[in-house]
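See the structures that follow.
Two complexes follow with chain A in common, the first pairing it with chain B and the second with chain C.
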Partner chain A sequence: MSLTRTLRQGLWQNIVSARKNVGDRNLTRMISSSASTKEAQKAEEKKQPESSATDLMPAPALNRARFVYPEFLPDPKMEWRNLIREKLERSDMMKRRRNIDIPEFYVGSVLAVTSSHVHAQRKVSRFVGICIQRQGCGLRSRFVLRNIIDNLGCEIEYYMYDPTIQKIDVLKLEKRPDRELLYLRDALPEYSTFPLDMEPIPLPEGSPVPVNDIKVKMKGRPWTQKWEKKGLLGVEKLEISQKNLIRMARAAKPWEKHDLMLEYRKTIPEEEQKEIFSEVYSELHQLELTRRKMKRKRMFVKPVKSA
Partner chain B sequence: MFCIRRLASQVPNNFFFSRVSFIGTTQSLSSQQEGAALPVKKRFQFPSTPKVRYPLWYLKQERVKYNERLTDENKAFIKEIVHDKYGPPAIISGIPSYQLNSPLKTEPLARGEWSTATRRCGLIARKIGVYPMWDKKGNQFLTTLLQVVDNHVVKYIPPEEYKPILRVNRYLRPNKYGCLIVGAESMDPQNYTKQYTGLFNEAGLMPKRVLGRFHVSPEAAIQPGTPLYATHYRPGDVVDVRAKTVDRGFQGVMKRWGFKGLRATHGVTKSHRRGGCIGGGSKKAGVWKGKKMPGLMGNRMRILKGLKIWRINTKYTKIYVQGPAVPGECNSIVYIYDTILPLRKTYTKPAAFPTHYPEEDEQPFPEDLYDEEAHGLESPTIFFEEEK
Partner chain C sequence: MFSNLASRLFHTTSASSQLIKLTRLRVVDNSEIGKQAMLEGKPPRIIHIYNKSGVGYIGNKVLVAIKGEKKKGVIVGCKKHQIPRAPKFDSNNVVLIDDSGTPLGNRIHVPIPLMLRTMLKEKTYKKGTDYTKLLAIATRFV
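Entry: the complex of A and B
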């Protein structure tokens, strides 16, 4: 009963805050890490001096956390929410993160995952591929890697908190302008081919994550989905027939972008995000710092005394 | 269990004396008229059982909240009295409740000896979500989280006094099992009726939002007022879970019974999701009883049997049971029992009998208890050894 009451209160507060920010609705938005939200991020960063000192968490840290650790935010579906379960789930995630280093990565980054496998040679399997999808939240969060091996497209889905995963390496850290890269299945094979012995491409420390705005060439039809209707940004322009244009215009819902309640139901309110991240962020930050230190140690080669 | 919400006050007075009696109350039947002239030997007959017998706890629960025009001082005074009587508000296993001050008024019941025929008490819990877990071999499986919220024993009715509703005395031997009424989730007594709060007076408890009854052997009886915890069970135990399924409303045969429907093409019009023929001709004559047809689906009590407990959280009193298929929606109430499946049952004395008393432990339990086969996420990554 108390849960529903607090949720209702939260709902009301959010309506009020949403009304205040009708012009700039990006403030209360939580979206997965896509580059289209980068501008929104920038806008928020500009606004940070306005945020009050009584906040649980500084605004830039929150803005970063919600894109780097999106799986810590629960499913916004109201019927499935339970605050205690979410708390326990978070503590379990932290337990796993103390054992294994789960780095920052996005859809479009190239990863190498080493995992224990009973049937593999030497009981270890390593797979390199581009991350084409990230989904789920909490312990169910998972990602899909795609690569082309012996001219055959291969995709493997990994659970992020699976205890059989030994190591996750980010070989190339970058973003793409789309939320999901499922269209790579119907694109030319060179866009999803990565050598299994690929060398990691280092990114200078403190630099922002680059957005790769490559335009992918698609194969000829038939496709697995109607990509021309999806409004993809990372694909070369696709031809749409006149008939489909008319149909799309008829099916369009231009009013949805003004629907505050729709937005609310799809997202976790900003205040709750703050509460969630203030619980785990300090430890996450510590883990990240130790990871950076280790990385620097690895990269640094001791100079040899000459003569 | 609580589906009949008929009020005692709505039933006419004569109805009470003719057909209705309450469980746990003694009903004196008037003996035959005295002074009969000739003693005729009558055949022995069992006393007729009333057809409708409401359980003791079928009372009107919530009170009409009319405006009582209390001043703030009065309200504060009432609150003070409530806290004096029942204890200050506290957060118990993550849920706002009340810190009861020693509800045990009398000496605890003598604890009986366990035998293989003993039936133990169960728990009332809330289903709060589905969650993946991994075993030591690295296999992933889903578990359902059940939170045991603030459970207390409210009343114990011994088998001699207990008369269950669905019982035909003629065919059964004397009652073996007593009745243990358990309540969950303490609430503010101001929101409940006088009769309903009266149920909890004897045990010295706050009124509970949810009540349930468990049939227990007399040796497994528990003193009213005793709290029940998730550690009533241990990881590795097998339980049955009873709950109301998700209410799906009026559904067609395809969803309700899994019929195939008719074809999408080939001249089928407007009957793609219909069931087709419902009766045969000639001697079969018409629609048979029990024909699967459209209708209300879900919202029925169902028992899922044989669920293994993988993990127990003692801090938030949570039980992680096998599988995602526990009936009911998220945040709905479920009842947990020891399993009745003969091959899954353990025929040894359970670790907690009649229930777990944490004050008797030498050392407090750790926060998480895992099954032997389960992999806790705090333990290191799973590696498989190479064969030589």
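Entry: the complex of A and C
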């Protein structure tokens, strides 16, 4: 990362100015991948096959990738972007993925994480829980698991690419209609209770990930947040007082959904997503296929000759 | 439920999740005094934290006021946001100990963080307070 830091100051300026002047995306890539002019020329020669590779990235594959591997997309905040760092991070992420299987999961899926723990008795700890939050990008992407153990709610946050993690098992693969399930902290305990020895519930291969439309019942107030104002979909209807309704109407910004510039700043453009995923998708896909093959192998039981 | 009542017309801020002086705690061991205090709905209050920052974290020793008495305790779980891989709990838990580090109860009914195993061992020294007895009465670690 020290390399990144030294290169960062000058190069980023160059990249931004080059973008402004020429408006050619491939030039940006050239600058970021090579320092000297000779290499830049070579890169120009290679430009043709590269651009055809990006065209080969089919639309359904991209649509799937952006939800299955959201951590590969960088934070869209312009001040925090650094193309070289992002590239290095992606290569590090792929290195990690070659060593352990980081499965597809969503907020609402039930996971079991086995990790090395210096403080544990056999140096290994396992935690089972529902994923209530997924945030961050790149190597800093992390998720929060919640479970109720001995009638006490416990939450543990894990970095997805933490080298101490030994295994991530998806016990139940499903989605919820909300982006975050932090409201489970104020919901009745049965909605976040999962047995520690829970058996994995297999999903038939090739079937779409089911969306769980369960309506959660909340505990009585006081709550940790004002859930009634958040427009939650996975919660039984909450009462909103007249006063709050008036306040919400006053604070509402109905024009924001038409603000194209706001959306542009909040998201990574499709062309850039294509560029990012065309770099890693073929290998990710290959890893996924080998994992599936291994799974089938494990499930197959050799028939025993009877008498 | 309460939103229709007009009684709450005053402004309230959300509670600080840090453990400071006068924070209420939940006794999680089965000591007699702890059980009674929790049943009466008068959970103990921190009156001193034995560290320099004045904010209690997992593994810190605290002095609590419980049923008109002063008792020492060890914090074994916080509501506060924790670093990755450290557990965050739904309540602020404490286990009561005496001056020599022996727990007042003989069972802890909730999971306690794994890192306490190392932290409390490091704090223990010969002829001083022995905190490791607390680990022996725990039923589950997370």
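Here are a few things to note about the model shown:
By definition in this document, the second predicted complex is superposed on the first by the 252 of 307 C-alpha atoms of A that agree within 3 Å, B and C clash if a C-alpha of one lies under 4 Å from a C-alpha of the other, contacts with A are read in each partner's own complex, and residues count from 1 in each chain.
Everything that follows uses one rule, which is that a contact is a pair of C-beta atoms (placed from the backbone, for glycine too) under 8 Å apart; a residue touches a chain by one contact, two chains touch by 3 or more.
Note that the structure is predicted; figures quoted are calculated from it, not measured.
Under the clash rule set out above, the superposition-derived model of chain A with chain B and chain C shows the two partners fitting side by side.
Shared-chain residue A:Glu279: touches no atom of chain B or chain C. By the touch criterion stated above, A:Glu263 is placed in contact with neither chain B nor chain C.
When the two complexes are overlaid on their common chain A, residue A:Ser125 makes contact with chain C while staying clear of chain B. Once chain A of one complex is fitted onto chain A of the other, the partner contacts of A:Glu228 are limited to chain C, with no touch recorded for chain B.
Of the two partner chains, neither chain B nor chain C is touched by A:Glu104. In the superposition on chain A, A:Tyr159 makes contact with both chain B and chain C. Once chain A of one complex is fitted onto chain A of the other, the partner contacts of A:Trp80 are limited to chain B, with no touch recorded for chain C.
Once chain A of one complex is fitted onto chain A of the other, the partner contacts of A:Asn244 are limited to chain C, with no touch recorded for chain B. Here the smallest spacing between CA atoms of chain B and those of chain C, following superposition, is 9 Å. Of the residues of chain A, those at positions 117-118, 159, 162, 164 touch chain B in one of the two structures and chain C in the other. Per the touch definition, chain C reaches chain A in the complex via residues 1-4, 14, 77, 82-91, 93, 109-111, 114-118, 139-142. Chain A contributes residues 2-3, 79-82, 84-85, 87-89, 92-93, 95-96, 98-100, 116-118, 122-123, 138-140, 159, 161-166 to its touches with chain B in the complex. Interface residues of chain B, counted against chain A in their complex, comprise 94-96, 128-129, 131-132, 134, 137-138, 140, 145, 147, 313, 316, 318, 329-331, 375-386. Those residues of chain A whose C-beta lies close enough to touch chain C in the complex are 115, 117-121, 125, 127, 142, 149-159, 162, 164, 185, 220-221, 224, 228, 239-241, 244.
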